[in-house]
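Shared between the two complexes below is subunit A, which pairs with subunit B and subunit C, respectively.
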Partner chain A sequence: MTAPLPKRIIKETERLQSEPVPGISAQPHDDNARYFDVMVEGPGGSCYEDGEFKLELFLPDDYPMCPPRIRFLTRIYHPNIDRLGRICLDVLKNNWSPALQIRTILLSIQALLGAPNPEDPLNEAVAKQWKENQPEAIRTAREWTRLYAKKG
Partner chain B sequence: MKFGHEYEQALASEGFPEQWLGSAIDYKYLKKCIKKVHRELEGLGLDKETIHRLSEPLSQPENARRPSIGQHDFYSAEKPHLDSIPEEFTPQLRVLVDSATGVPLDAMLAPATRARLQKLAQSELIAARRQAHLGHHATHEIHEPATMELTKERTNSLTPDAQDAKWITIPLASAKAFFDLLGPKLEELERLREAETGKLELEIADLGAAVENVVEPVKDGFEAKRQVSYRDLYYWREMFRLYLENPIFYSNLEQNAGALTFSEAKSRLEAYDQQLRSTGLLAKMKTPAAKQAAKQFLDLNVDILKIIRFQEMNARAMSKILKKFDKRTHLEGHQFLMDLRTKYPALLPSQPVPGQKPTGGTVGFANSIARDLHAEITSKVLGIVPQIDDWTCPVCYSMAWRPVSLGCCRSLYCIRCIIKLQDDGHARCPTCNADTVTKADGRNIDFEAMDFLEKYFPLETKRRQKENEKADLARSYGEEFVKPGCEVM
Partner chain C sequence: MRQSLFAGRWRIRLPSSLDGAALRVTKTPPVTRKRKLDTASLSATSQPPPEPKRKASKTTHKDSIAQVEAALPATPQTLTSDKGMDSDDDFASVASSMELGEELSSSVDFGAEDSDVELEDYQDDDSAFETHAKQKPKRKAFEVEYKVYSPQDIQDQQDKQVAEVAALLEQPTEQTAILLRFGRWNKERLIEQYMDNQEEVLDKAGLGQNMSSNPPRIEAIDGFMCDICCEDTPGLQSYAMNCGHRFCVDCYRQYLAQKVREEGEAARIKCPGDGCNKIIDVKSLDLLVTSDLTDRYHELLMRTYVDDKESLKWCPAPNCVYAVECGVKKRELAKIVPTVQCECKHSFCFGCTQADHQPCPCSLVKRWMKKCEDDSETANWISANTKECPKCHSTIEKNGGCNHMTCRKCRNEFCWMCMGMWSEHGTSWYNCNRFEEKSGSEARTEQAKSRQSLERYLHYYNRFANHEQSAKLDKDIFHKTEKKMTLLQSSSGMSWIEVQFLEAASQALQQCRQTLKWTYAFAYYLARNSQTEMFEDNQKDLEMAVENLSEMFEKSTDQLAGLKVDMLDKTSYCMRRRVILLDDTAKKLKEDVWEFNVELA
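This part shows the complex of A and B:
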């Protein structure tokens, strides 16, 4: 017998639907209310602009004592995101707080797209390129966005 | 014609108090005034084309260097004196002429107008006679320095024989009559706003006391005697929750904050009334006092709508009549409106910031009435019945029970959530990140908050207590000892 869904998850899900964040959506699976299909739009003005990035998000049993597990499904050229789509973001690790929510985490991820940080890399190769030849790195990021994250 | 008719009809048929109607803007009469202004201007040879020409640039290259001062700047005061705008306001035309010949220095004047202006400049008599006719309002010596300055500035940049230029002013008696009618009306409307807002604030305070009385937390054994039912507390909470979700005349939503127009507000109030009926909330109220207070709450909203409606219509009448004034006389009456806005900050919301979405739909004094009274209702009436959303634990989103305060910030947590945080090795407050979780213990229970929650959320408290008992059992004896199927709600 599965445990009933905690009130917190029910409320968060409700609010994600009733007051959606612009440029972000998160839809729980019918058969697993802890598993979400996520879509994040690349922020305007960044090299991910006009891209639509798919992610998967899972709320472990311990949530909100531990952070949601989340990764990119769409390929993305970014120094803090590795080839498996794993994300290097402090609030998903040491700086997680149970008062954070799905919505705030997704906003942080969107912000990370707007401000890549090659000094704290997860993807060494991309970070290296980013530091040594930023215009080229940005061009590649745009190219990948066009190739893999096309809208529609 | 269309608006004038609609306006008169609304004033006559919508049951406004007699006293208010005396303060209403006399639209028809002002329209007649505008006709007079029009005739006076024509009498001066200042028809539409002439006035337009007066404000047209002399020639293109010179235009580029031209200071941005309206040539028929008929408004006498350079800087409005805040206390005396309606008194000192004297509509007039100002035209720059050659001081020797009286020939207007502006190009493209019709010959007839030139002759007219020439006469005006040469004959002090005409001006004096006009001023005597108008009384002291039409004199404007006080503004002489400003006029001189203008003269210099303009002539330096425009004409070689600068010293010979001077301004002459043509007071407009009929235009003055127009503004003399409009000015005091606005003062009356502002006084009406103040008086009615004051009255409604008293009503709100009164209602606050009534609501407090019917929802006052039930004390043991007291209920029967005081004819108070804790159920009423829940009905009121729901009633106010619905109101907060969809406020009637003022919106707090980030997307479009501000006062709503009368018609929006009216349909919201109708929808709210309908909601209270369809949910049976009104019918469910247990005590006569609660029923009475509910009626009072709805009546208050109706009263607020009425004054909003009245002020909104007057604001529209004012705006329409000033537009008409501009259109018929080609004098910029809106300067008057802008100065009034400085004098009566309550009159109109500040001009929208470019690039920002304009907020608020309604106009005139109605806007500040809606804003002020919404704030008043929120704090003095709605605030009496606490909403559960203000008392939930940031970790589990249920009512914080038993409430624990860590002392670092104002957050209240459930004691069980804090224990869980400690068990999981979280040392920091989830809300403010202070290092307070590890050393929290029984002394952090907020008994005052606990007392409050017990009183105002008796059902939620019972539910949480049951849950805790069950969890304690499970903790002591294992999950299988908790009888399944006796879930409370």
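This part shows the complex of A and C:
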């Protein structure tokens, strides 16, 4: 029915299983090898610490010429992630390079959790709060992590 | 070829070398590195010395205006090595123009081809602007200087600039092309930056170091695995630029196809390597791009050239491939309406690329269009269907019932017919025949006053829209005219050339209506004073002339032949009135005479 899976995707998937990145997991669906269930742990020391964030990842037909599509499924209070879980990250858009991989992208996302960038906001309200009252914003982010991203 | 294309379209072109002359007088040439560079650029570039045309343009500095205009070549001039500098005088003028280059740079390199004449041609600052007006009695105040370029011209321009700068920087042409695109075709600034800090410029332009080392090529490397497709078959063909990011040829091609076809990128495609800023140069592209992509690629490259230059714009007409060059800057748009006509006959404003909107300045056009979009229908409806409560001025639509109105807001009771107080109606309820009563007429005056701004807007809008509509109808007339012309030829025995007056009349109508239409938008924003009254007189004259001419088209074909002289007269009268109006308006715009009731941003 569908075209055979490109070697690139097979290799990437294998490597994700055999050498998993600490704090990150990506599991392809049995019926769709281009669709992944992703889990990213909030980086230590950040306001997302101890949180487990679920994401979905899809590799479009022209992957790796086009970036994968990724979205947070877990609610998260972050200036670069909107209510629908969409992520504002340069490597997912203009700065995508076909030499990047699922693992590198997920690491970038984890890094984004560690370093929110309110200057380039996707979620205006959160970014505003982040700039005007950072302690309060961080408190909210912690609260949301506790509420929505509980481990286990 | 090019010449024939442009033959006869130099009506508006003027030899701006005069600006150069002006500059020459006022500026002393400082001996700078830049100056040395100029000399270098002039002598280093070796283009075959073309046509005696060159000579003609060369002499323009000293010649009279009339001669200049006659001698002005239709094709862009070319830099030649034999050209040299005739005198210190000339040299000084170039050097001083270069001195100004920093701020005016976008106009400096504009004509592209030659460093001397063109540089002066387009040296243009605020004072130069005035100079034009004074020294060019021939050009009307509403006309601007411009040139139309075919795709080939644009390509040639680019090639020449690249060759010139390449010789100067001693870099291969591909790299130079990248540098120029990186520098948005601002030659002078690029050269300066390059001389200041070669490494940094190369790096920023994505060329990295040792760019002149052995040219990269497609090869098979033992033990290579492509990071994109993960193929590692022995003998896999692969490619890498100097940055060393190696990928298999298939992936590279796919990557380029994606960029060129899907993302419309051309000039600034980066190496596919993660985080690598090296821009893929033309040589690499020629090696990799498949033939089905080259056309698109070159088209996109050309587009970036035009897009990058403030002085160049594509003709906005559908399917038109020409570009227009005009020196009018954004900041001048409050003082001038730079209207240009493309090879394809489409007239448009160089400032905002909207269709010809003389005499109305761009900012007012924008404002007017927005207002019309937002308000026109609403305003029309309000005007036609509602009245205002005589007491609180709420807008009221009567959707049924009797004439006894009670305002929801202020509970005022009034009569819908006479707008007077209901209590005064006495026993003759529900049948208002008391038009002359005081309260009623006062209420109506009051209402008229409050609706004044609405009515004022509608006054202008309706006329604006009417001319727009009429222009469309005139187009239909134009097609009918063609038929009439054939008919006339056979019925009156007139020759083809003798019936051309109909076409001329029809085109005049189009043009005048276009102008008239915008006079109404313009007038809407004019403050009431004597200037405005003069403007309205001009407007009225043109409008009458247009309507008179328009009326003649209704005549039957057999009458038309007898009306030829009359029609010719009326046509030229229309055009004359249009020129008078435009000229007057443009002059006053330039001199800041008009008073607007809005800010002319």
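Basically, the second predicted complex is superposed on the first by the 152 of 152 C-alpha atoms of A that agree within 3 Å, B and C clash if a C-alpha of one lies under 4 Å from a C-alpha of the other, contacts with A are read in each partner's own complex, and residues count from 1 in each chain.
By definition in this document, a residue touches a chain if its C-beta (ideal position, glycine included) is under 8 Å from a C-beta of that chain, and two chains touch if they have at least 3 such contacts.
These figures come from a predicted structure and were not determined experimentally.
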{"item": "First (subunit B), second (subunit C), both or neither touched by A:73", "value": "neither"}
{"item": "Partner chain(s) touched by A:11 [first = subunit B, second = subunit C, both, neither]", "value": "both"}
{"item": "First (subunit B), second (subunit C), both or neither touched by A:104", "value": "second"}
{"item": "Touched partner set for A:62, first subunit B, second subunit C, both or neither", "value": "both"}
{"item": "Overlapping contact positions on subunit A, where the subunit C interface meets the subunit B interface", "value": "6-8, 11-12, 62, 64-66, 97-100"}
{"item": "Subunit A-touching residues of subunit B, taken from the complex the two chains share", "value": "394-398, 411, 417, 420-421, 424, 426, 428, 430-431, 433"}
{"item": "Residue ranges of subunit A in contact with subunit C within the complex", "value": "6-8, 10-12, 62, 64-66, 95, 97-100, 104"}
{"item": "In the complex with subunit A, residue positions of subunit C that touch it", "value": "227-231, 245, 247, 251, 254-255, 258, 270, 272-276"}
{"item": "Subunit B-touching residues of subunit A, taken from the complex the two chains share", "value": "6-8, 11-12, 62, 64-66, 97-100"}
